[in-house]
Amino acid sequence: MNITLIYWLIPSLIMFCCGVYGFITRKNMIAMLISLELMLNAVDINFVLFNRYLFPGQMEGMFFTLFAIAIAAAETALAIAIIINIFRSIKTVDVQGIDKMKF
Amino acid sequence: MFSNPLIYFVVIPLLMLGALALCANIKQIRAVAVAGSVALMALSTYVLLEYLDMRAAGDNAPMLFVDSWQWFTPLNIHLAVGVDGISIAMLVLSSVIIFAGSFASWQIPQPKAFFLWLILLSTGVFGFFISIDLFTMFMFYEVALIPMYLLIGVWGSGNKNYSAMKLTLMLMGGSAFLMLGLIGIYYHSSADGHLTWNILEIARNGAISSGWQYFLFPMTFVGFGVLGAMFPFHTWSPDGHASAPTAVSMLHAGVLMKLGGYGCFRVAIYLMPQAANELAWIFLILTGVSVVYGAFSACVQTDLKYINAYSSVSHCGLVLFAILMLNTTAMTGAIMQMLSHGLMTALFFALIGMIYGRTHTRDIRLMGGLMKIMPYLAVCYVIAGMASLGLPGLSGFVAEMTIFVGSFQNADMFHRVFTIVACCSIVITAVYILRVVGKLLFGPVQDKHHEELTDATWWERLSTVTLIVSVAAIGCFPNFFANLIKTTFSPEIFTVLGLN
Amino acid sequence: MDITIPALILCLPLFMFLLLGIAGCKMSHKLAGWLGCLGMGTCLVLSYFTAFTYYFDPQFVAENGERIQHTVFNLTWLQFTDNLTINLGFLLDPISALMLVVITTISFMVHLYSLGYMEGEKGFQRYYAFLSLFSFSMLGLVVATNIFQMYIFWELVGASSYLLIGFYYTKHSAVSASKKAFIVTRFADLGFLIGILVLSYYTKTFDFIKMTSDPSWVLASTEGATFMGASVLTWALVLIFTGGMGKSAMMPLHIWLPDAMEGPTPVSALIHAATMVVAGVYLVARMFPVYMMEGAATMFIVVVGAATAFYAAMVACTQVDIKRVLAFSTISQIAFMMVSLGVASLGNGEVSHHGLGYMASMFHMFTHAMFKALLFLGAGALIHAVHSNDYTAMGGLRKYMPITHWTFLIGCLAIAGIPPFSGFFSKDEILSACYAWSPYIGMWMSMVAALTAFYMFRLYFLIFWWNNPDYGHHKPHEAPLPMAIPLVVLAAVSCVAGFIPFGHFVTWDRMPYDIHLDWTIAGTSIVVAVCAIALAWKMYCKENGLPAKFKNALPALWDWCYHRFYWDELYMFITHKIIFNGICRPIAWFDRHIIDGTMDAFATVTNKASYAIRGLQSGQVQMYVWVYLIGALLLAGFGVLCLIM
Amino acid sequence: MDYSQFLAMKQEIGLLIVFLLVFLYDTFMPRSAGKQLPVFASVLMLIFTAACCFCPCLAGSESAFAGMYETSAVIAAIKNILNIGVVIVLIQSVKWANSEEMAPRRGEFYELLLVTLFGMYLMISARHFLLFVIGLESASLPLAAMVALDKNRYESSEAAIKYILTAVFSSAVFMMGLSFVYALSGSLYFQNIYLALTGQHSTMLVLALAFVISGVGFKLSLVPFHLWTADVYQGAPTSVTSYLSVISKGAAAFAFLVILCQAFGAVYANIWEWMLYALIILTITVGNLFAIRQRNMKRFLAFSSVSQAGYIMLGVIAFNAMGLAALMYYILVYIFSNLAAFGVIGAIENATGKVSMDDYRGLSKTNPRLSLCMMLAMFSLAGIPPFAGFFSKFFIFTGAINQGSVAIYVLVLIALINTIISLYYYLLVVKAMYIAEEAPVVETFKSSCGERIGLWITIAGIIGLGIVSCVYNFLLDTTATSAINAYFM
């Protein structure tokens, strides 16, 4: 069978949605970070796919993906650092615990 | 730039601000205030005489002393000044009231800050009256509005927080509509794409299409009307006046409320005559109502300042009413009414402040027989009252009569009927004025503690005498002022207004 | 005629007012008083001179013998439009010259009288200042060249009467009386003003001469214009007449005059008997040629006048306060003048009976001014003597104060219409004019004349005869000299004034005209008057039970008359219950709670809203992200929506 | 490749040099000299800014890397505006940076700050989405670290985590949107996108636009993407907050305009005009409504800045040169006004640790000058003449209405009515300082030299920027002649 773009897009879409779902539902901030990764990767897949299927001639999407991956890594590192900092002060990584500032 | 006398109406207050900032003690502050206000009076008198000379010399340009300096070049915003009879009348009025006001607040606490704000306010007022560029006009307008908040908030009395906030927000609400209207006018100011903020040019171009006039006229008219205490946007005035300190009430009722009427004429009607002509009836109803309505609600108030605030609603309603009549006589009357109302309300508020400063109450039910205790103030109060209920020989009469006669010259029945409705206010005015005079000044002394109160001090006498003399001057020689104002309605404006 | 003397006549009182008003508090009572008298005296001389020159100098008589209307000066005071202008001028014509004489005479008498009457009063200088102010306003009113000038001084006399009525400002009754007087007349003046507006809108002029010299032109200018069925000219004239009703205390606007008696008695004599209250009559006389054109208006005048005359006479029969009796008699006498003016015209531009009524009315105005001032001053002397206004406190006073007694008696005879006293002649002319117009109105007015004679002598007897109460240790004393002189002078005038050939001076067309007494009418009216006096004598000469019997015979009638037919109560109800509680209070409430409430509601709603949406900012990251995502999607949805449209 | 094209990035290079010098100073100077670092950094930045402002070589417009990067007079101008803001922030933060608990992290503050500024430069200059994303991320990620800088305060870290999580989420959504755009247009170059999208209007494009707008709107804190703002502003150290509130907002605003015009300008009329329309109304109104009830000054200013962002967006929706000029002018004025406010807040916080509005009661009695500065700042923010805020508001409205459609009149009217609400809450501060009768909470204190200089500058700006018309005239002239006009219709 001939595998068209759509076959690839659906999983990436699913990934994105899973990411969003996880981000919104998980209490543990590490888990939230993981879901974020899912979302970002979905984006990367999209770019690659579009590049590969729609505009085979060029490489823009690919390059964008590379940079996106790097950025994702940086974000995760930073986020984890801050999470650790929080853990130091309140001894938990439960996201619902951190709502001291509101309204 | 400084060759034009008008610019000094802004320069002198600014200098006063600077001088005040340097003042060390109350004496110096008073000196600065008095010197400055005297200088302003002299300046306005000088401009008045010059103006009359030039008119007499046959100069019938719509405005004199016209001058304009580039400011925001790309938007064609200028600092443009120029005056005609109306503005000069207003300038004289303002300077007189500021003079009286600075004497009325002779012993105000924290004088430095107080006078700083007061002078900032008057800067705005003068700037507004001299400028003929919509932008600068609007800028000075808001400059004049905002000091009210602190003047009332800091030096006020009673429920001052509420009143100050209410007054500021409502007036700013008005200016919100105003700003939109002005910008709209700017974008339709000229047919050939050479947009301008200059009132005279806009009037000359007359390029605002009728459709846009229908939209922009209400915007600007309501915007200014709020400050002119137009029903139903007048409710800031009673609370605001009740809480404001004496001099602020004087300046606010005496001058600031005039900005409303002046703006309505100078911007709304002058620039959009067609819409003014066709939409006038709506506002005629509103203002006609507020004339009677204000008078009626003044009848039952017990707080002196409330009574006065409502009478202001009634009188200023008359101003807008007459302006909307769109004929020369009525408009002349409107301007004279502004003058007269400004002076006599200032007088009223000054006296109320002086009485309040002695008796520490403004409730007429708790006072009585003041004529025995403080005859001078009482007599002044009676004179103010007589002026307000339109006794010939004082300013109220000539203004009102000019308005009534002028309005009644309208060929259309609707206008004449509403004129008669407005006429009824003279009776109601008599009712509430005499009610107050009777309760407050006549009859036996209510409160034994009032027995040993003193009469007016010299500065109080000075400030009241100034106002009374001006009131009487207008009342006895009305033709001088009428002609001064009529010089304004030069042929050009006739064509703009479609008058004849 | 050269301008200085007329100008002085106006300026002198004004100057005195300013002088006494500003510098007065620094002066001694005596000085102020004499200054006032001096000023008024000069004014008196000047106006006598003016009047004399006008009447007897041939330059003021045209070839056809018509006295010309002479405008001495006419300065522009305020220009409304090209042809509508308020001028301050000095119009000299028969009636204004007449009024000059009347006003200055009475005013001077009162000035003089007050020296004694007001002696030692607090605010003596103020009193004289106000008197001068009033004289100034009244003079300005009568010499007005245009209707607006008249309106101006009309207002001024109102104000000065307000100030004088409220002279004893610590007395509640005085304050409220002055307030009442001002507001009622103000209300009437509103009508006057609107009348002026309407008239000037059509005629495009305020000028009297323009309007009166060719009234048919006025008629033409308003041709065809009608409002609510009536022609606008009728409206205008009736409205203007309303102003006159207010000042001249015609029903139903008469209620202020009796209360106005709270003021010092000389003031009542000057303002509320002789001069100001006849301003209404003067106004109508001034506009007479125009009123002639309008049948409805003249009919209105006659009806109002006749009704008022009878009503006031009825009430006067029952009053206790002597000043009130005089006040009501004044009302009724002024009504006489009004009626007589009304009956002078046939309403179609023609005059009835050679315009006799007009002349009679002016004549009566003159004589009445004299004897009514006399009566009031006499009453003042009495009050001064017994310190009370009620006749119940008096009686048998003829022994104590002969001058007052005799002068008062002359006054009563004059007003009762007994020859040869002045009242007889003027009233007789009025009656004959009425009979000529319609016998019914004639009889009606004769009846009123009878009533007049009755109540005046009731008063006279009750004061000077009736009984001899014990006045205790302080006996009533005769009036001091400055008070006595005016009484005598005025009495003398009342005796002789009737013989003035009035028709030679004042007529509606300013042509000389010979008065001839119509003896049938004169005779009947004398008889009637005498009968009335006899009745009064029978009832009140000696203390007896007749009055009480009378009262018990017709209690209802007596009550109604005694309570002035409950007019004041009616007004109280209208003003307080309906206007004050029914209009003002609701409006004030509406303003505070509805209008202002709406404004506050904006603020409240904003606050509520900001409280309502605070949950959005829950502090939960996941919530934030959720909102974010929904927001983005909604935004997309909105975009799609816009795309579709 | 031709390395000379790096020379096109003069300002970036200059900034990098500043960064390096600061970095080297921080790394190799002895700890004892560390106390001079703030002054050193400020002076360097000042010199750099001055150089940029007066160097004529920036007037021309150049582009590099096959059009990925572009600079022009307008762009140089907005970068200078940001520089000025940064200088003021640096001057104001000297005292805080020299405080004890900052000693170990003093250098990081400056380095991170300069890096974010560099990122913003890229955002502004980028004409290719790759470069833009790099700029965006390097402008937002270090900010998270800066927010967390005050590591012993829990609020600081809470703010940081909230910020980083939402930021990453939004960038994910943003890039998702980009991928759609890529799919539709086949390129990430702005002008290619512009050409490709001309005449297009598919649902997918709308979705893509919504995602892109949300991504940038997040940095601008447009409602409903603003929820992080308040918490972060409150939690972050005041200096960081002030930086965050003015500089990154300003950069984002300009970049937003560039993207919308140069990349999506083709679909202005029928798609994003209305999206923005809705966003502006929401932003102004909701921001105001939230601001009414805030007592914590930083949080209060956070919401006020939300609504201010709404006003700034009026310059974008105007979609014309006047709007662009007004936007830049607004940003400049906003920088001065807001920094004045934050300067006072910071001064009081450093001296007494008080940040609640209730603590400002009677401030005018104890510290008249500070309260005067605060009042002027509030008036300027509220748009009261003769202070600069009035002019910026007036010009942004004028620019918006220049767009001409009736809808814009309505929009401006709504905005104007909102100014009344904003005036209300700005006056609340004035009321607390001047009118409240209670005894003063904050006793008299002497603010540090840096704070005072900063306040003097800002006040001078507040008063001068409006009256002295040359600034606005200059901006309008530059924009009127700039290439970006080609994209407006």
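Letters are used for the chains, namely A, B, C and D, taken in the order the chains are written, and counting of residues starts over at 1 for each.
Going forward, contacts are C-beta pairs under 8 Å (C-beta built on N, C-alpha and C of every residue); 3 or more make two chains touch, one makes a residue touch a chain.
Everything quoted here is computed from the prediction, not taken from an experiment.
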Practice problem: Please identify each chain that touches chain A as well as chain D. | Solution: C
Quiz item: So which one's got more C-beta contacts, B-D or A-C?
Solution: B-D
Quiz prompt | Nearest-to-centre chain - CA centroid comparison | solution = B
Quiz item: Quick one: chain B and chain D, Cα centre-to-centre, how many Å?
Solution: 42
Quiz item: CA centre of chain A versus CA centre of chain C: separation in Å?
Solution: 97
Quiz item: So what's the Cα centroid distance for chain C and chain D, whole Å?
Solution: 78
Quiz prompt | Separation of mean Cα positions, chain C and chain B [Å, integer] | solution = 37
Practice problem: Name the residues of chain D that each touch 2 or more other chains. | Solution: 161-162, 165, 169, 173, 230-231, 293, 424
Practice problem: Check each residue of chain A and list the ones that touch at least two other chains. | Solution: 23, 32, 98, 100-103
Self-check item: Multi-chain contact residues (two or more partners), chain C
Solution: 603, 614, 617, 619, 621, 625, 629
Exercise. Pull out all the chain pairs that touch, please.
Key: A-C, A-D, B-C, B-D, C-D
Quiz item: Where on chain A does chain D make contact in their complex?
Solution: 16, 19, 23, 29, 32, 36, 39-40, 42-43, 46-47, 50-51, 54-55, 58, 60-61, 63-64, 67-68, 71, 74-75, 78-79, 81-83, 85-86, 89-90, 98, 100-103
Practice problem: Using the touch definition up top, name the residues of chain C that touch chain D in the complex. | Solution: 603, 606-607, 609-611, 613-614, 616-617, 619, 621, 623-625, 627-633, 635-636, 638-640, 642-643
Exercise. Report the residues of chain A in contact with chain C in the complex, numbered from low to high.
Key: 20, 23-25, 32, 95-96, 98-103
Quiz item: What does chain B use to touch chain D in their complex?
Solution: 71-75, 77, 135, 139-140, 142-143, 146, 149-150, 153-154, 160-161, 164-165, 168-169, 172-173, 176-177, 179-180, 183-184, 186-187, 215
Practice problem: Using the touch definition up top, name the residues of chain D that touch chain C in the complex. | Solution: 161-162, 165-166, 169-170, 173, 201, 203, 206-207, 209-211, 213-214, 218, 223-225, 227-228, 230-231, 270-272, 274-275, 278-279, 286, 289-290, 292-293, 421, 424
